[in-house]
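Worksheet for the structure shown next.
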Amino acid sequence: MNDLEERTLYMDHAATTFMKPEVLAAMAPYFSEHFGNPSSLYRFAGEPRNGVEAARGQVAAAIGAGPEEIFFTAGGTEADNWAIKGVALANRKHGDHIVTSAIEHHAVLHTCEWLERQGFSVTYLPVDEFGRVDPGDVEEAITDRTILVSAMTANNEIGTIQPVAEIGRVAHDHGVLFHTDAVQAIGAVPIDVDAMNIDLLSLSGHKFYGPKGTGALYIRRGTRVETLIHGGGQERRRRAGTENVPGIVGLGRAIELATADIAGHNRRIASMRDRLVRGILDAIPDSRLNGHPTERLANNANFSFRYVEGESILLLLNARGICASTGSACSSGSLEPSHVLLAIGLPHEEAHGSLRLTLGDANTEDDVDYVLEVLPEVIGRLREISPLTPPSPRVPEAE
Amino acid sequence: MYTEKVIEEFTNPQNVGELADADGVGEAGSPTCGDTMKIYLKVEGDRIADARFRTFGCAAAIASSSVATRMILGMTLAEAWSLSNAEVLDALGGLPEPKVHCSLLAPDAIRVAINDYRVRRGLEPWERKSCSGGGDCGSCPKKG
Amino acid sequence: MNDLEERTLYMDHAATTFMKPEVLAAMAPYFSEHFGNPSSLYRFAGEPRNGVEAARGQVAAAIGAGPEEIFFTAGGTEADNWAIKGVALANRKHGDHIVTSAIEHHAVLHTCEWLERQGFSVTYLPVDEFGRVDPGDVEEAITDRTILVSAMTANNEIGTIQPVAEIGRVAHDHGVLFHTDAVQAIGAVPIDVDAMNIDLLSLSGHKFYGPKGTGALYIRRGTRVETLIHGGGQERRRRAGTENVPGIVGLGRAIELATADIAGHNRRIASMRDRLVRGILDAIPDSRLNGHPTERLANNANFSFRYVEGESILLLLNARGICASTGSACSSGSLEPSHVLLAIGLPHEEAHGSLRLTLGDANTEDDVDYVLEVLPEVIGRLREISPLTPPSPRVPEAE
Amino acid sequence: MYTEKVIEEFTNPQNVGELADADGVGEAGSPTCGDTMKIYLKVEGDRIADARFRTFGCAAAIASSSVATRMILGMTLAEAWSLSNAEVLDALGGLPEPKVHCSLLAPDAIRVAINDYRVRRGLEPWERKSCSGGGDCGSCPKKG
């Protein structure tokens, strides 16, 4: 198995995606030709300005918002930071309590922790075994000091889709703002900010075949949000910094492509994903699928394999040219399992043996076949090495 | 992030398995790191004649298990006892900072196995400095 | 003069620059080929990771820093925000006072104003008629509550270069951290963070022919700075968000190009700029050069023309294909002259009639000739229209 | 940001200058906007026979001066008096929000000139609602 093959099979689209040629083509004229600063007065700045405004329209259209409610950022992380700190700091006189879930991305969780250090209090709601937040729990958590509920549209590790519209309704019933981190959901979950009771929504370009370092925050008209990045008057004075024109144009084109046919896209991807899941669970004993059986992103497959550790799995897959991800990591001297896997109730050992495969537009049925061929060998090999493996399931059938 | 050597050792680990007729068996799991290693020694005279291991853990843990079992082959028990983490790290061409602790596992398990052998022979176990992974036992590479 | 010519003559390089072909070439492989997330474990992430680290080395080398002291951001504005808020919030227990100048960029000033609203106090030092901060004033302003001095390396409007090393020495003599906004200075002022006593330095890619939406903050090793953007563990846990790999790679290549021969570059640009300045002051009566006569950016020419208003100048220049900038702006119903021009003591009327021409690598002597031909006509024409113009200087000689 | 019409009007302003034999002269400078406009009227019978202006200010100020002087040609003084800012804006195809106030200058200066004419003739000046630019005098376009 030391044959380091030339093949690279990328199944880590939740981490980042390649940029589509159409996106690069849209960006290309803005690097060195229409390079002007959109804030400038001269005619020459018209192209870049129009490019930015067209992209704003594309983003707005993709989520059912108005263009004046879209603010460009440098990514999903900045959007999450802005939404949560911005609402908290702007509404402090109305309250100091935030409700979120235990399985949010670190961009949300660490922002909430920062706010706790500034004197806010935060409730981190538990999730069920599939990773779903119960809107009833949200309702119970809301107090008269609550100013914000933040719950992600879909989880980046296990793919679970939240009952966003219901959570938003509960928030609104209590006069509380609702933010959702939709970074993983764009192009996979149809979004309508009105129908789904969303006041703020974060998105990130590189998760849907757009450019890295681009993102946007939707802010419902009239919502009080303090500025995060101070300076010039860009983005209608709410987010300073010379606009990343090529990036914004690319983001606009990418979201247009990603949301043109969500249902069709999901059908194609989910059919491959489902074959992958069935194949793996059948071939490898003591394995399980993490996340929700149906309410999950079409491209997400997250497994736990007992007796083995995730990083080892990744590196053996890597040796066979497969790019994947795990919820296990050595950090500052301890093996730390993902907070998401612990939150859905996995014991440490199973949380350590996790593997995330996330499909994308370039994956084919061949890729699925290849993973189904390689993964059982890899797990079998690591189980050979592991002292935890009981005698029987050490070698999966495949080998 | 890993050196070639680590990847090579991890991808083709040596001495994986058990010894049914082991003279000493040791198990270690660093309390600060979820990894677990079990080692089996065959002793001839005062020397280690054979060694096998099983490890649950990341690539660093598996690679250091493999390299350590090879290093102690032919050593006297006293030599094997004093195998330091730094020597294991050297043999691997180094590890990334957050992975250093994972390699403590192997010298640890070896010492447990040597004492198991001594106790089975009716000898006093050697005194182990318990290693917290804090780097102050001399086994860890110097900080800084 | 209604002949809307096809020609576009860009002399607004302080606003933004075109991206050089070498920079785009460096970025190109990272969009769709080496697109991996640098934080991933697999081999496939090696290229992007190496690209980012090579760029870090390039930025570090350009300013005499170590690579581990460079942190990538989404631009100069974010870097300024991070430096100032980060130092303030991390050092609050040591003090609550910041010293800066009245002519900083809004990214610094509005950040300081935000800190004032959080309970910090800020001294905005005056500048002399040329826009220079007196290091003696810095010394006097420092109290035992002072935690940060922030002074820009060079001003974006009038081009004045500050005595940064001296200001930094004064700060250090009092145990105070020193931040400099070097956004306009990269490629024009040689920087050595050690020799110049700089603890934090902001830079922005699009000001030196690099990509928009990229920047960096230099943080001297050991400096206490709170994180601004919370989330994942990128940038050694100090700045979260998936790395903008192509942007970072482009920034690295651009700074390498920009700092390869600063002296030669300045010589070439300054010789054109000097001819432009002499030509304009000679041809147009009642005109003056703003900023320092010698301690100024090689590419910067900032004029005031009495009796006329800046935006009008810009738009008539625009009609002749010339892109320039002014310190005059209508904002929310009032004509607001630039804070920089007011700080160097210009009366409102002269501050309104300002024009900034900033040269760049694509400008030629022909461009200078063309501006020298067009600008006197434009000023003459507006003076014809203006009720403020005294009888004689209405029409400059040229016409 | 400006409409074609504004740019055209600004680039080729009409009626720039003075009238040596003006019957009424008015000057206005919006206190909230540094712009200044001076207007000269020639009156024949009750109608405006000629008008000239000089303006210091941004493109919006100059364009609105130009368009307003053309609009009032041939108007009765009463008609010219009631020329609203909204009509000037309409004629320009609109202005960006922060520029709207710059166009208040022209109707303002016209009214000052008309009263100058009336006073020179020994007539009572008409009463001007002073315009703060706040949009409540009916001259400003409706907000929202």
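Should a chain be cited, it is by its letter among A, B, C and D, assigned in written order, with residues numbered from 1 in that chain.
Everything below uses one rule, namely that a contact is a pair of C-beta atoms (placed from the backbone, for glycine too) under 8 Å apart; a residue touches a chain by one contact, two chains touch by 3 or more.
Just so you know, these numbers come straight off a predicted model, no measurement behind them.
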item	value
Target chain D, source chain B, minimum contact steps	3
Whole-Å gap between the CA centroids of chain A and chain C	35
Separation of mean Cα positions, chain C and chain B [Å, integer]	57
Interchain centroid distance [CA atoms averaged], chain C/chain D, Å	40
Junction residues of chain D - those touching two or more other chains	none
Residue list for chain C, restricted to those that touch at least two other chains	41, 311, 315, 331
Graph class of chain-chain contacts, one of line, ring, star, complete, other	line
Chain-chain contacts as defined at top	A-B, A-C, C-D
Chain A contact footprint on chain B (complex, rising order)	2, 7-8, 10-13, 16, 27, 32-38, 54-62, 98-102, 133
Residues on chain A engaged by chain C in the complex (per definition of touch)	8, 10, 12, 15-21, 24, 31-33, 35-37, 39-45, 73-78, 80-81, 105-108, 110-111, 113-114, 204, 206, 211-214, 227-233, 240-247, 311, 314-315, 317-318, 322-326
Residues on chain A engaged by chain B in the complex (per definition of touch)	1-2, 307-309, 311-312, 315-316, 319, 328, 330-335, 337, 348-349, 352, 384-388
